[in-house]
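One chain, chain A, appears in both complexes that follow, with chain B as partner in the first and chain C in the second.
Right, the complex of A and B next:
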């Protein structure tokens, strides 16, 4: 019984699904029973996932598990296999951490809602499906997990429809657009089966490598990539994310940004680097980087225009996913380090920010920025946690967001240098600019929610209970730790994942038998660990100059043209000293000029974007169809 | 020749996408989702089909007599069944959301259900 842990992945996934049904059977009446079942299932699954660090990360093993013992016969995989390599485990760890924090937070956060039995059932199904998605080694099983994930997410989005009817609207849009994405993925799976006659990912990778890319395979790749892009809310497909994150309970939004869109990113990495091994194509790198750059720019600019705390965070979440996709799409080792590290950091700081948004909602009953203010004195611990998250997402040293963003800038810069393609220069500058705009947006939120004058309705606000503070503290601690010990984090956590991505031969061999990969043309590649030096002073200076120029240019030019200050309705002499462009925003943070500068400068752009995000399901469906068609056509034309 | 199957499948998928983009009535959008699913199911079943193939079942007498003829691929059929079940769940969930939306918004017109925008 030396390798008893091979059963852990399947036990943790099945345990979560089993617990989902147990909650429905036993936990509908008694709240202690249902919470105990949920907590035990989550703790168990997380513990087993974390235990896998020892064999997978430290010893470099790849764990394989065949459902029902149906091992490959005669070189063909028949059964459904689970396979956990460094990449799968990396995302599995993020998933486990996220649902663990969220279930801790949910106990007090959700206590005022009814039908909590259903909540925990859906919660556990969502957790189980994402864990299954990252552990599975079978394409069709991946599709099933995507569908369960979409169901559970949609139902959880609509969970608070009693108090907020908009939740229904968000859920419906998510379901319609999500179903286009999963249908496309299924179409890709069908086409892939047509050419390879297998569903096992390891075998598909080997067969595609030996047969080469045929037109059908290319079409399959295009549709699967488009389907996964819909699932990870890349820009033309980001609209359901903003609606769903904003209307779902905060504990669920944490799950969404921590695992659901990570699942999409995981799928894209698995698809491009391992399954089809198309990342050596310059055109695909360009496609993914441009999509990523577009995503981060549109996300952050839309965030600047928001009036709702959670909707704003949702757009930032989209924007940060853009960073990850851009970095991964560069196709370089440095890009992979930066992208995966940023994916991890995004899970930490965005989860933290959604939790603080939930705490604010719990304490005040609203997330409308215009109705909030002055919570810093009343909720000091939540404010401290929020500031940690805000600094991290804005990329301020020494928090974790800085370390990963810095690697991403370097990777994009290096790529521009190597390829001599001017587009990568633009992408590098966009990445820097988006970081500055993120900072501007968070200055606004901090001012609007935590500082300034509190409206009369919020005078009696109290700090949230300890049960809600604990997960926020843990996340904050991790944010700071990953920022201070970035080097160790990269070596021990990110490096195994990058190695797994760059060495698909081991993934194939573990599943299909020794030598199978080599026979099909996937040679053993040397492990390429390039040490990451993120404190290079030349880059420091360059970054500093560019950021300063960008900030000064945009902010100062906008601030000068600021129109006459319109005071809030109830004219109060105190308000006169505050800036008053936006009514009833009781903030007196001087740095807010930065934010106003952006808003003034990009007035026309904001108008166009606001009209584009019309809220109509048909329009969004049209965006998705156009985006999907373009991606599929692009891969078909440029990758052959 | 089963080319007609592929053509019909692609037409159904395109029709489903068209309905989702063009029809404002929520029920019709859900129908569009269904049509797209059917198109994909048809495609998957067609992929497993072989001309003159038999059902993927061997009886004992077949094996004894050595009468092992060429059969259709059973895996796509299993996939289709799974996909049909999932499609039914998606439709049920979407329709229940439409019912709730009708109750709360008093309309099923997608143009009027747009409180979340901008």
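Right, the complex of A and C next:
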């Protein structure tokens, strides 16, 4: 039993699916049984996934597993194979961490909802499907996992439709657009099978490499890329994300941003770097980088205009995925490091932010920024966690977002230098600007939700129970740790994933037998990690101590607070208070919108964006179709 | 044991850098003197006699001694911590400048990006402090401060990228140390004609970052009563005033490092600091006092448009020129 762990991937995926059915059978009556089954399945799957770090990351193995022992016969793979390389495990770890945190959070967060048996069934289906998606080595199996993922997501989006009717609308949009994406992917799979007569990804990679790109393969590439772009909510396919993330329960939004759109990104990386190996084409790099830059800019500007906490986070999620796609699309090593590191950080900080949004909803019953305020005094721990997440996503040193964004800026500018293409300079400027806008947007949320004065309705708000605080604390600790020890994180976690991406020969050989890759023209391309030094954490730790001392000194120092002053109840303009964060509910003074000057000068842009985000499913479907057509055309014109 | 002692000594040296030179004390004294010079020169331009140059020191110490009153609507912790956060990040900035003989205390490879982020923190501190004070005037003020920040950030990013490209050539240099080293051998960046638009853009960014007329929309005393600062009194107000003064010094010093190069006088590092201060004073008079003397305050939407068209345009010209190797 030297390599008993080869069974772990398949057991963890099957375990989650099995638990989904067990919850439905045994858990509908008793909430303890239901939760115990879910928790054990999630813990077990996460533990097995984390165990794989030892062989895959430390020893550099690629784990392969043939379902039912159907190994390749006569050079063709018939069976379904699971194959876990550094890239798959990297995303598997993100997935495992996300669903573990979310299931811990769900216990108290969902306690006031009915039909929880269905909730946990769908939850486990979603967790299992994403884990299966990143572990599978079979392209049709990948499609099936995408389908399960999409339908579980749709059903979970609509889970609170009783209390929030708009959840049904969000689910419907997700269903329509998600189905378009899945169908496109299926079309691509069919075309691939037509040309290569196999569904095994390793073999497809080898055969495409030896045969070269044919028109059918090109079409397959275009449709699959577009299908995965729909799944990762890249502009112009981002529209269902806003509704779905905003209306789903926060624990599910965490899953969406932590693993569902990561699954799309994983698919894009697998597709472009390994399956079709098209990342040597400058035109494809340009396409992915421009799509990424567009995604981050549109996402963040739309976020500036939002009035709902979770909807705002949803647009930020879109925007951050833009960073990842842009960096990965650069096609350079540094870009891969930055992109994958940022994908990981995004899972951490965005998961954390959605959990805090869930805590706010649990405590107050709303996520409307206009109705919230002054929660810092009443929910100090949630506020602290939120601030960590907000600083991290805005990229303020020494949090993790800074480290990955810095690598991304450097990668983008280096790419501009290498290729001599001015578009990459514009992309770099966009990336830096979007970061500032993210910061601005989070100042608005901080002001509107946690600081300022609490409306009378929120006077009695209490801190959420410990069961909900725990996952938030863990995520916050990880955000800080990955920022302070960014170098170790890159070397031990990101580096194996990058090595797997840049070395497809090993992926093919493990599955199809030694030498198969070389015979089909895929050579090894080992890479070494060129250390990027940003700062010396020791100095920053020292500074941190100094800052803390200074702040404590001031906080302790004797500033006199006034006793309770009875302010007049009526809304006399003299006593009007508002905090410049949301609409003029609190004041009659013009310009109370935090971004008024900004929006006024760019009103043309915001008008166009407002018209495009019409909320009509038909319009959104039209956008998807136009986007798909453009991407497919692009592949034919520039990649053939 | 000697290892630990050596390490302790290192830490002590860093602490001295942070607190005395070129950190907090040097920045504070320099900044307040600059503010005094600014006021004096402005007064002379307006045919007034003006206050003595050390007046900002008097103001600072007097405010420090005053009672601090915290409004009932405010969040005391944030309200008191906000100015400190701004002060810390500003005095940190000084440590990135290679002005004292050997090298910058935090001479990593990526100073420019760190500086970009550190520059936003004082503005954020002002916004957070203002929003914690709970006044409608502060509300208008922080909204404007936010838009000003978004306004100057775009040209600032482009200026920094242009400098990095110009200095680095094929290999990018993001470190201030690298930028000043390059200027030691190749002459000041200011005298490269392709960098002149970027330098002009940077000179226009300085007053917006510091918040002097005509770009003082966020504080606008005559209109919204100092906006975010309206409720502040006593020591926190003193520190906010100090922050504004240090910003003058930090921004002008950044200009001199980016476009004039290192002031490396070896062991006479104090003299180096003095030279830097003189350059800063000249720049302050040039880009803040002069403009202040003959302009009136802009509206916020005009300010934003100005920065995203004229100033960003200047920076873009440099970026394109540099891109084509000029």
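In this text, the second predicted complex is superposed on the first by the 575 of 640 C-alpha atoms of A that agree within 3 Å, B and C clash if a C-alpha of one lies under 4 Å from a C-alpha of the other, contacts with A are read in each partner's own complex, and residues count from 1 in each chain.
The rule is simple: a residue touches a chain if its C-beta (ideal position, glycine included) is under 8 Å from a C-beta of that chain, and two chains touch if they have at least 3 such contacts.
Small disclaimer: the values here were computed from a predicted structure and weren't measured.
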Touching partner for A:395 - first (chain B), second (chain C), both, neither: second
Greater residue coverage of chain A in the superposed arrangement, chain B or chain C: C
Touching partner for A:446 - first (chain B), second (chain C), both, neither: second
Which superposed partner A:235 touches (first chain B, second chain C, both, neither): neither
Which of chain B and chain C A:425 touches, first, second, both or neither: second
Which of chain B and chain C A:194 touches, first, second, both or neither: first
Complex interface listing, chain A residues touching chain C: 376-377, 395-397, 402, 406, 409-410, 413-414, 417, 422, 425, 428-429, 432-433, 436-437, 439-440, 443, 446-447, 451-453, 532-536, 539, 542-543, 546-547, 550-551, 554-555, 557, 559-562, 564-565, 567, 576-581, 586-587, 589, 591-598, 600-601
Parts of chain C lying in touch with chain A, wherever the complex brings them together: 11, 14-15, 18, 67-73, 75-78, 80-81, 83-85, 87-88, 92, 105-106, 108-110, 113-114, 116-118, 120-121, 124, 127-128, 130-132, 134-136, 138-144, 146-147, 149-150, 153-154, 157-158, 161, 164-165, 168, 170-172, 174, 234-236, 300-301, 303-305, 308, 319-320, 323
Residue numbers on chain B that touch chain A, as the complex places them: 13, 17, 20-24, 26, 29, 33, 36-37, 40, 43-44, 47, 73, 75-76, 79, 82-83, 86, 89-90, 93-94, 97-98, 100-101, 104-105, 110-111, 113-118
Chain B-facing residues of chain A, complex: 140, 144, 147, 151, 154-155, 158, 161, 165-166, 168-173, 175-176, 179-180, 183, 186-187, 189-190, 193-194, 197, 199, 242-243, 246-247, 305-306, 311, 610, 613-618, 621-622, 625
